[in-house]
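The following blocks contain the structures, represented as structure tokens.
Shared between the two complexes below is subunit A, which pairs with subunit B and subunit C, respectively.
So, the complex of A and B:
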């Protein structure tokens, strides 16, 4: 390999460090209008009437739109139920009833206050278990059950009967905010031919494209989406960002002028979807030797006001609900329910962090019950190559779970520290040390969720410089660099020849969403095929140049050599020379590549099938210090081991791991999106706490490489694995330190000290308390 | 909206005179600007910036008294050799406020006038028996910091008055002090509970002149005389400190009743009183803080 695996600088680094990078709000146009939104005033209410007359009459206001002004489809999303503008009802307080475009932001805000909405308030429900009761208020006509996934394997009754003892716990996990640094923003404007252009901070711009075109009642070809440089997303800029971009586009269509819409942080947190909170009832049948005879799970996810990604998020939970452990008898029932909370959707991890927290806590508990070390129990039950999962899938690739566990344990001296921390010496100090281990496996890419295909285009310009475009987007994770390295490897050229073009709905074929840690394996796969297709054109020319019809060539260090066996033969030409020859012969070097993988299947009734085409494996170890008098948890060290198949860029893989650990730690001990009666209480980062640089521990990233047949150069995934098992490692470390099992995330001060959360019933202490009525 | 940066105290008083109620003082802006985001200032507000006011920017000693101008920033206090030597607990408190950016903007005067129940500089000032110096159209006055607060977010400051400085007697080199802050993270954290203690210790290890000031514990700022009296002339040992902690927790419940946060705060306030006293006495044996 010339460039694969190297610590190459990111291709987008220069723009980011110089400030030249243009984020969505950096785009402005002459005659641009500014948009503002009118929020729902009740979490659940029928909209009786909306009076926009006064707002529309305000000088400088160019348009006021409500749902009835939407020419096309006002609803979008997986369930077709997310309203661009609330039509029949409001279902959460982030719903938007009307939008305004005005000559200034201040005017737009002023107009919003003049809109009068008459509501008929409806009974609301904020808890998913209550929402599933028969007499609960119905949030949508079809009832409150969004989905019920099942998995049936073996016979759980028999499995429990064979068990020596049963472990049972109720776990809860919280809603969290994605906390991308750049809030949603978009600029929409009419183009020259009756169509519209939207420049936006959109994670899944193909999905946004369809929703926006449908709302404007225009064919896809007349709506162009340009994805601006993104300041983070973590799964968060799908429907939330689409709503905002669609509202801007509708206003641009109505006024014929460019319209800018920008969410403040408060807007963003109020409107956007969150990670699903789960309630998990886990029951494991276990033997005294530490093995597992059966697992039963009933879990309920709070889906909030709309379907969004609930069916897919909970599906991944079902597939992975037994963890990477042998279990012959499994019964899983996973529900998602509508409530009048913020809707919940995709977020880095996508249904795995919730179950992983519970599974890995139970595995620790199992070890405790049978008097073994948590590592030993995992090694006893863990998957190996050829193991069969709960869905009946045989794992035919290299299953490196135990390798990852052993690496994590040895790097951290887990066994020694785990035993030491249990001694009374540690217990006599109010601040106690703890160490915890976790592991997980994860299905790569979309799996049986849907069609899995991605495209890329490689264009070698006549001077030998190269443009690469892809339908997989870079939201900060480094997709452009990974794809560039793959193209450079195939063509044997330096990275500085490559320039990545901003994604655009007309440039590359629909590649599906950039989600599910599929960027490198699918987008990189497509880029590799595109580069190979271009290289094939060059090889045709090379055969003519060498007059050897059967020759194979080696592209290396900007030169092309004849292949001699598996080695390097005679030099044929420089890269530029071959490019020039191709163009001289009328062979432009432009090709696309499509990577499509369709090796998954699923039976909805039994939950059996080959859920994903391949899996990744990892293990984490966390070290903590727990203040047993205050409940304060300090994560001091973190070891994160991941088999990524092949590291395309080691620095970027490490970056993903560090970021994943920090985010997973926030999920574990700190972050919580709090709503009271549907009202968001943590609307900005003064009250929504995420870890700061000082909170993040010393981190050690360990990369394992077992190249996978499905991935480009063997590469698989790292984005979500990096986060998904961090929280239980910390929770298990807290147990090691204190003997207390954390059952509810986050393990904040109150949870660690009291084993429960405390809820404020009075106004909050900071700003709102001061400026509100006392 | 008007904005004016006052050069000196006279400037401030002149504008109080000419602009009256329109005047909104802004020192560092770390509270004013955050609040304005939720509740905009009135259209005709006159924002009077006192962060660069020359006669509010001093840290000095006059005889046995330390004077700190109201517009001295937290970072300046944290770094001041004089403060670190003569009132180390105040320097410690300032060092733990917000982040470096906030410490560079936020001021001592701003922190006490905002009068948040979790302000980090107030417990040290209470424990230091500090005085608040106020300048106004009606002349100057000085009040003990303990009498400066009415209720949360309501300092006893009249219209046309500005806090010009804070002063307190230098601590003797043998005086023991400690400040402890419990937040939900290591930076940019609003104090869940904070605690300041000052006392003298005899050679035999007995406590004298004990001052104990918890923060985020009572609705209005004050020290805990019950615990202070209890500790007077007691031996500096953990069992005594534990008892004092219970007295403070009892006092909290006596004043505020049992609230949503009591199940947590009751044991933790007690533990942190004990811990802070133990740190000051040099008998704390816990892990790193």
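So, the complex of A and C:
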């Protein structure tokens, strides 16, 4: 292979290092208006009346809208319950009751203060277990249970009866803010023919497209969504970004002028959905040899105010809740409940970081109880090729779990250090060293969650230069580069012939969301098919040129050779020459490709079925230093091993691994989105800490490649696997260092020192500033 | 023909043409009057509550009227249309808005425009030397020192400030110099490699 697997620079490199890349807020138009929002004042209240008269009368204010002014559908999302503008009630403090468009930002803000809303306050609920009680205040008519997924396999009672001992723990995980460095922004404007254009930072712009068109009461064809360069998303710029873009579009429709809407960091954190906090009850029946006879698991996710992705997030959890381990008897129940907190939805990992923390902590406990090393119990219980998962799916591909574990262990000298750290536990030095291991498997792409298809187009221009586009979004992970490399490989051309065009809603067919680490396997798969389709047209011309009807050709280094038959290996023509011939014959070189995989099935009652069409495997090792006097945890080294099927671009795979580890480390020891009575306490980076260059450890990325039949050139996924098992590796390292089992994330000072979280009643911290104004 | 060119021979020529076309290139006009050339500005009366500001940006002198509470980044992005400088926290916490003020790194969201009076500002747009990328920019491309690229202008400007002060930084000094720039994509190891590379070739 010529281009696949290389460390090619990104195709969008220049714009990113010169400042020329245009992110959503970098687009402006003449006569544009600026928008601002009126927030809910109670986490749960009935909206009695909204008086906008004073705001509308302010000079320079061009429109004030409430839910009543939405011409089409004011609600969207998986549950059809997310309000673009709060209508009947407010359900969390990020709800928006009214929006304003004015000649300046300052004026818009001034107008917001003039809007008067009368509420009837309702009892609220902020804890998911409380919310599921009979007498809890109902947040939506249907009650507070969003979903209940079940998995039943074997007979757990019998499994527990066969066990030598029972291992039981309650774990909790926290809400997390995505913290994409680019806050949400959109510019909406009327087009020339009574339609509208929205330029925005949207992760899943096909779903945004539908919601916005429905809100404006226009057909999809009249609303054009243009994807701007995205400054990160991590699952976060779905409904949150749609709400913002839809509000801008409604104001543009009302005023007939361009409207810019930009979230400040505080707006972004107040409105946006978070990673689901979970409460997890894990009960395992175990044998003294380290095997597991039964698992009974229950988890409750806080879904917040709206359905969002809760059903799918918890579905992934139910599939993966037993980890990559054999167990004949499993009973799992996964609930998501409405509360009056920020709603929770998609975030990199999507239901796996929570269960992985519990599973991998349990596995470490099991090792402790039976006197084996954590690596040994994983090797004893872990999946191999041909294993059957808790959902009854046989894993027929290469299951590289144990390979990954052994790689991680040997690269880090895990066994030796693990044993040493245990022996030195009682020394007087307050700084203790620890090492921890974790592993996981992950279903690739959407699985039985939904229709799984993606599209791409390849257009070879008459001069031989090539445009590629796909409905898969580049949020920074490098999807454009990966897809370009795939197309260049198929056509045997240099990467610099290619130019990737940002997708827009009229350019490429609905490709579904860019989620679930499906970018490369689905978008790349579609790009490969599109390139093959266009190559087929070239091959037809080539057969005529060589007068060999059965000939096969090799496209390589910008030239085409005969692959077999008469004159095998002979050069036929240069790439440009064939392109010119095709056009001369009236064969334009334009093709699309669709990758559709439908090999999944699921029984909602028993939780049995082929949940995903393939899986990836990985293992992590973390080394820490714990200050036993303060509880401070320093992650010093990190080893991350992943089987990616095939690395399309090594450098970008490493980038995904490093980034995933950094985010997983934040999840493990620092980050927590704190709400009190529904009120966000961590509204900016002075209170919500994410890892800096100084926090991240030395990291070693180890890439395994077992090409998968389902992926383009064998490629699978890396984005989410990179993050999903980092936190438990750190928690297990803390145990190795201190003998204290972390049951609640994050493992911050108070958790490590006291084993519980202290309540915070702090006002906003004062600004601390590394680079001062001189 | 686009072929045969090495991918690493990155020139700004082809891509820059695309930058200011179409909708994208049009500028916000609401406050434009205040960024007029000096001669015209003198004739216009200052808008109420505005004060005169003179500063140099990327070597070019500007004179404009600003409200006292206007931050430097607002002037750069909104008045001068230099949108390469990004705003993420607007709170002096993340470094996305880092520019050089008389050669030192500052958070431009956290400094009033009037505090830059008479000073010289360098933004990411000022690093290019005609068509030629700055060595730091080349190093970031070579080492893949970014993912989404939103924090990148800030990372590059912090690097520039660091290397101006200390052309041969140790790894610790690099980490310290860039610790005020958040990257949620977590590109840190490759950012650090990029800085090391830039220090090497400079």
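By definition in this document, the second predicted complex is superposed on the first by the 750 of 774 C-alpha atoms of A that agree within 3 Å, B and C clash if a C-alpha of one lies under 4 Å from a C-alpha of the other, contacts with A are read in each partner's own complex, and residues count from 1 in each chain.
In the analysis below, contacts are C-beta pairs under 8 Å (C-beta built on N, C-alpha and C of every residue); 3 or more make two chains touch, one makes a residue touch a chain.
In this text the structure is predicted, and so the values were computed from the model without any measurement.
In the superposed pair of complexes, A:431 makes contact with subunit B only, with no contact to subunit C. Of the two partner chains placed around the shared chain by superposition, subunit B is the only one that A:670 touches, whereas subunit C remains out of contact. Between subunit B and subunit C, it is C that contacts the larger number of residues in subunit A. When both complexes are overlaid on chain A, the residue A:14 reaches subunit C alone and has no touch with subunit B. Once the two complexes are laid over each other on the shared chain, residue contacts for A:686 go to subunit B and to subunit C alike. In the overlay built on the shared chain, the residue A:625 is in contact with subunit B alone; subunit C does not reach it.
Contacts of A:494 after superposition: subunit C is touched, whereas subunit B is not reached. When the two complexes are overlaid on their common chain A, residue A:635 makes contact with neither subunit B nor subunit C.
In the superposition on chain A, A:754 makes contact with subunit B only, while subunit C stays out of contact range.
In the superposition on chain A, A:112 makes contact with neither subunit B nor subunit C.
Shared contact residues of subunit A with subunit B and subunit C: 684, 686, 691-694, 767-771, 774. Within the complex formed with subunit B, the subunit A residues making contact are 266, 429-433, 625, 627, 629-632, 634, 670, 684, 686, 689, 691-695, 748-750, 753-754, 758-762, 765-771, 774. Partner subunit A is touched in their complex by these residues of subunit C: 1-8, 10, 12, 15-16, 19, 23-24, 26-30, 81-96, 98, 101, 104-107, 110-111, 115, 123-125, 127-128, 133, 137, 140-142, 144, 146-153, 156, 158, 175-176, 178-192. Within the complex formed with subunit C, the subunit A residues making contact are 7-10, 12-23, 25-32, 103-104, 178-183, 189, 199, 229-232, 234, 264-265, 463-465, 475-478, 493-497, 558, 575-576, 651-652, 654-655, 658-663, 684-686, 690-694, 696, 699, 767-774. Here subunit B touches subunit A in the complex through residues 31, 34-35, 37-39, 99, 114, 116-118, 151-153, 182, 184-190, 192, 216, 259-261, 263-264, 267-268, 271-272, 275, 285-288, going by the rule given at the top.
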